[in-house]
Amino acid sequence: MKPFKLVSREYKKENTIVEIKSPSGSVLLGHGNCTIIAGPCAVENREDYLEISQFLKAAGAHALRGGLFKPRTSPYSFKGLGHAGLEIMQEAREITGLPLVTEIMDIRDIDILYESVDVLQVGSRNMQNFSLLEELGKTKKPVLLKRGLSATIEEWLLAAEYMLKAGNQNVILCERGIRTFEPYMRNTVDIAAVALVKELSHLPVIVDPSHATGKWKMVTPVARAAIAAGADGLMVEVHQEPDRALSDGKQSLTPENFLRLYEQVMQISTLNRSQ
Amino acid sequence: MKPFKLVSREYKKENTIVEIKSPSGSVLLGHGNCTIIAGPCAVENREDYLEISQFLKAAGAHALRGGLFKPRTSPYSFKGLGHAGLEIMQEAREITGLPLVTEIMDIRDIDILYESVDVLQVGSRNMQNFSLLEELGKTKKPVLLKRGLSATIEEWLLAAEYMLKAGNQNVILCERGIRTFEPYMRNTVDIAAVALVKELSHLPVIVDPSHATGKWKMVTPVARAAIAAGADGLMVEVHQEPDRALSDGKQSLTPENFLRLYEQVMQISTLNRSQ
Amino acid sequence: MKPFKLVSREYKKENTIVEIKSPSGSVLLGHGNCTIIAGPCAVENREDYLEISQFLKAAGAHALRGGLFKPRTSPYSFKGLGHAGLEIMQEAREITGLPLVTEIMDIRDIDILYESVDVLQVGSRNMQNFSLLEELGKTKKPVLLKRGLSATIEEWLLAAEYMLKAGNQNVILCERGIRTFEPYMRNTVDIAAVALVKELSHLPVIVDPSHATGKWKMVTPVARAAIAAGADGLMVEVHQEPDRALSDGKQSLTPENFLRLYEQVMQISTLNRSQ
Amino acid sequence: MKPFKLVSREYKKENTIVEIKSPSGSVLLGHGNCTIIAGPCAVENREDYLEISQFLKAAGAHALRGGLFKPRTSPYSFKGLGHAGLEIMQEAREITGLPLVTEIMDIRDIDILYESVDVLQVGSRNMQNFSLLEELGKTKKPVLLKRGLSATIEEWLLAAEYMLKAGNQNVILCERGIRTFEPYMRNTVDIAAVALVKELSHLPVIVDPSHATGKWKMVTPVARAAIAAGADGLMVEVHQEPDRALSDGKQSLTPENFLRLYEQVMQISTLNRSQ
């Protein structure tokens, strides 16, 4: 017997489709299309965020990302605008009609974020923050669960199991690279994990090629690989001017490169459906 | 410049000694002696816990460990007695006079644990739970900070930096093995990290050979190595009958084996001081 | 300055195309098409090898693989037919017109293998067998250099550098998964490495999804991802009846599954060229 | 059943003692004492090597190391004096009476090295060079088998099994650190492996703290830990002036620091025997 139950394919044969609500209707993640969540690493200021959001809407993105509470290795790094950035994100949501995705780090933020964003992201460092998982499991809000830095696939699925067991089926898994000995890139994307998780579980899986590689030049090839391997979508960092980003500029795509990525992955996604 | 400041040797030359208060006086961890924290993985019931605590007191242990809130990979595993076990631990504290060490997993438990235990442990999975670190940093309670499963030494020291920056100097670092490809043992003890951290930082360092190896036969050799490498102490799991332990029996020492470990590491510690 | 010279893009801008000679003409690996090397893990007997070779020829494969000298972790495992299998491979070559790829483990086999096979493979365990690399560098024979189990990309390119420095430009790099903590699959395919190596070097890169995953169900998704990420080809294990294979049956495709893989990756390759 | 046979404790209960012959009598490695092999990373010139050898003899070392054929990641690095250095080592052997340890990289060097050195070392990169292992297994010469960079303990013991199966029982295992994600040190010493291998196998085990850490400041603490964990000896790099060493200067001890290491580990070794 597998150690996970509710998340397993044995328990539920058909794919879970997570409905992400938004002003302009619902996004159905896991429904056979390629869902693209895009935006800057962090919300930095109103003007930039509204501008990039409108660009992303026009470019075809399905949801907006933006970090408000940034988990930073050093206490001296920029940690995000916090609650102050929430208004900016909501304005972008109103203008574009796109749903919002942001990371939750603290159990005490559930209430406010529950009201104001559409997908709550649990970051790698919190994948086994079981108190947080259990609280999120009591809601019906879609949760994007990133794989831990050195989490096995079994541990990742068991973290999702915590939420399903508590009552929330709306879990999206996100592969974002694992830690290995290789120093060239930030992490090593475990591309086979995408296919394996689709086999073991009914939950949808997306890939974050930006954090996974830490180098913008690798983002498009990895995004292509992810969709070819069967991922249900992508989460990608985009910034008007990556060089002046307050965090993770090196891995952010320019708008122009995002357009190229978008076109290419959609062609692969179309090919997938015809095969 | 190093990315960490307050935890560094450059910032503070002399070793930090963490004072752990207890009914029978203070334990000074980092004062040149070998401090031994021992106990079962989890508090399972009153009778067993009181019995093993009295044995450990008689055997010379300096503090009692006992898990109340167990972070478990699977939501279906035994998670500890929770608040119900707190009374049992406090009874053991009264009887033995030894200070208590237990893991805190949820920021909402700080108040109650602050009052009732002497050292709050932050487990590997929460090493980068920055909200928790910041709250603990606002107290003066000694915190035992375990190294994350795949945390670099820099990340580990920066996690400690979060607490020192928030105002709490009473941080004890605990090496408990890192995740590698080697399947024979649960984790790979990074013995050189002990010496390296003593060089980079003024904070005391202990080693947990039980979680690090996952095999009781390896506990004593690794404990010996830890003290020979310069560790300030150990955290060791001991159980009357490891075979019936509800968690981690395979890595628990019997009382008899604990006595042997104790004698051997104390001899190495004595040798250290004479060298 | 990069530590590698002759293998770098700076040194040579245009892609290296490796010409693999065969009775029915040359295969140009790295020429923009997807080159597929296929065959059983080991040559087991004449009848089976000739049968699968003819199937693969008909299915469109570009070269035949077959292990004669198998590096085995245990001295008690099946080690291949050795020189006795060479005749069988050559018969397959005559019948199908396809070039042969086999692994060389011992420097003393260079002469005989040089005469009888078309690509010499250096396995993961020998990636830093520098004596072997230097001897192969003195020939003009195409060499397929697998990435070591825990080799960084820099070490891998430097191993290739040994051969280019000695005079052999005909080097094909092969990503075959690296060793990580993840136990579900044999290795972790480093898909971003494919794109990174194409950027850093002019040498062609292929992927071996069979050894990389160790599970036949993952072979096709990973093969798809590899081509989508920009790989120049694949090396795939195929066996008539994987269940009775003497080695690596679990990762071998059936002929039927190979046909499916072939069709799918060729469609992605066609899409690549149009993008 | 374990996958290894002849190397296992089940097969042979008592510890194997490897007799290393030398002009001044035999060194019995594994006989309960701490055997120390020391010397510079590479033999660089006659004057330096003879000087350091005489120092090491006087300091109590039991065998001399010195690299002649250096496996170097880059083909552009200093690769050792090769055969030219052999005479220098033999002169040191005559003067000091100490046995010689050097690495063999190429199967074609067996004959000449067999005649002129006392222990043949198989380096990490060649741990699974099975042709080399089998040839060494046909001799009776002591072989020092370093653990591969990412070899599991099982793979390491199976590599030794290759030699025992071929007829050579004189195998010394050497833990030299494994590759992990941690960047501060060159490798991560797997200290628990020392104790585990002593339990699983009858072969003697030593530790190389110099290559394992890559930092001379960590060499003594790790050496102490190794002996405390039960290792039968050490292999340590020593250089008159580490700053001008042609390779690995950063991890070499000065003569003064070697004296300190020697005294400390011998005290721990003495304590071991009394416990």
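Which chain is which? They are A, B, C and D, in the order written, and residues in each are numbered from 1.
Rule of thumb we're sticking to: contacts are C-beta pairs under 8 Å (C-beta built on N, C-alpha and C of every residue); 3 or more make two chains touch, one makes a residue touch a chain.
All of these numbers come straight from a predicted model, not from anything done at the bench.
Chemist: Measuring centre to centre, with centres taken as mean CA positions, what chain is farthest from chain D?
Modeler: A
Chemist: Looking at B-C and C-D, which one has the bigger number of contacting C-beta pairs?
Modeler: If we tally the C-beta pairs in contact for B-C and C-D, the bigger total goes to C-D.
Chemist: Could you give the separation in Å between the centres of chain C and chain D, each centre being the mean of its C-alpha atoms?
Modeler: Those two chain centres are 35 Å apart.
Chemist: In whole angstrom, how far does the Cα centroid of chain B sit from the Cα centroid of chain C?
Modeler: 49
Chemist: Which residues of chain C are in contact with two or more other chains?
Modeler: 150, 154, 179-181, 183
Chemist: Spell out the residues on chain A that touch chain B in their complex, using ranges where they run on.
Modeler: Within the complex, chain A touches chain B at residues 3-5, 71-76, 105-108, 125-126, 128-131, 149-150, 154-155, 158, 161-162, 165, 179.
Chemist: Which residues, counting only chain C, touch chain A once they are in their complex?
Modeler: Where chain C meets chain A, its residues are 150, 152-154, 178, 180-185, 188-196, 199, 212-213, 215, 217-218, 221-222, 224-230, 263-264, 267-268, 271, 275.
Chemist: In their shared complex, at which residues does chain A touch chain D?
Modeler: 150, 179-181, 183
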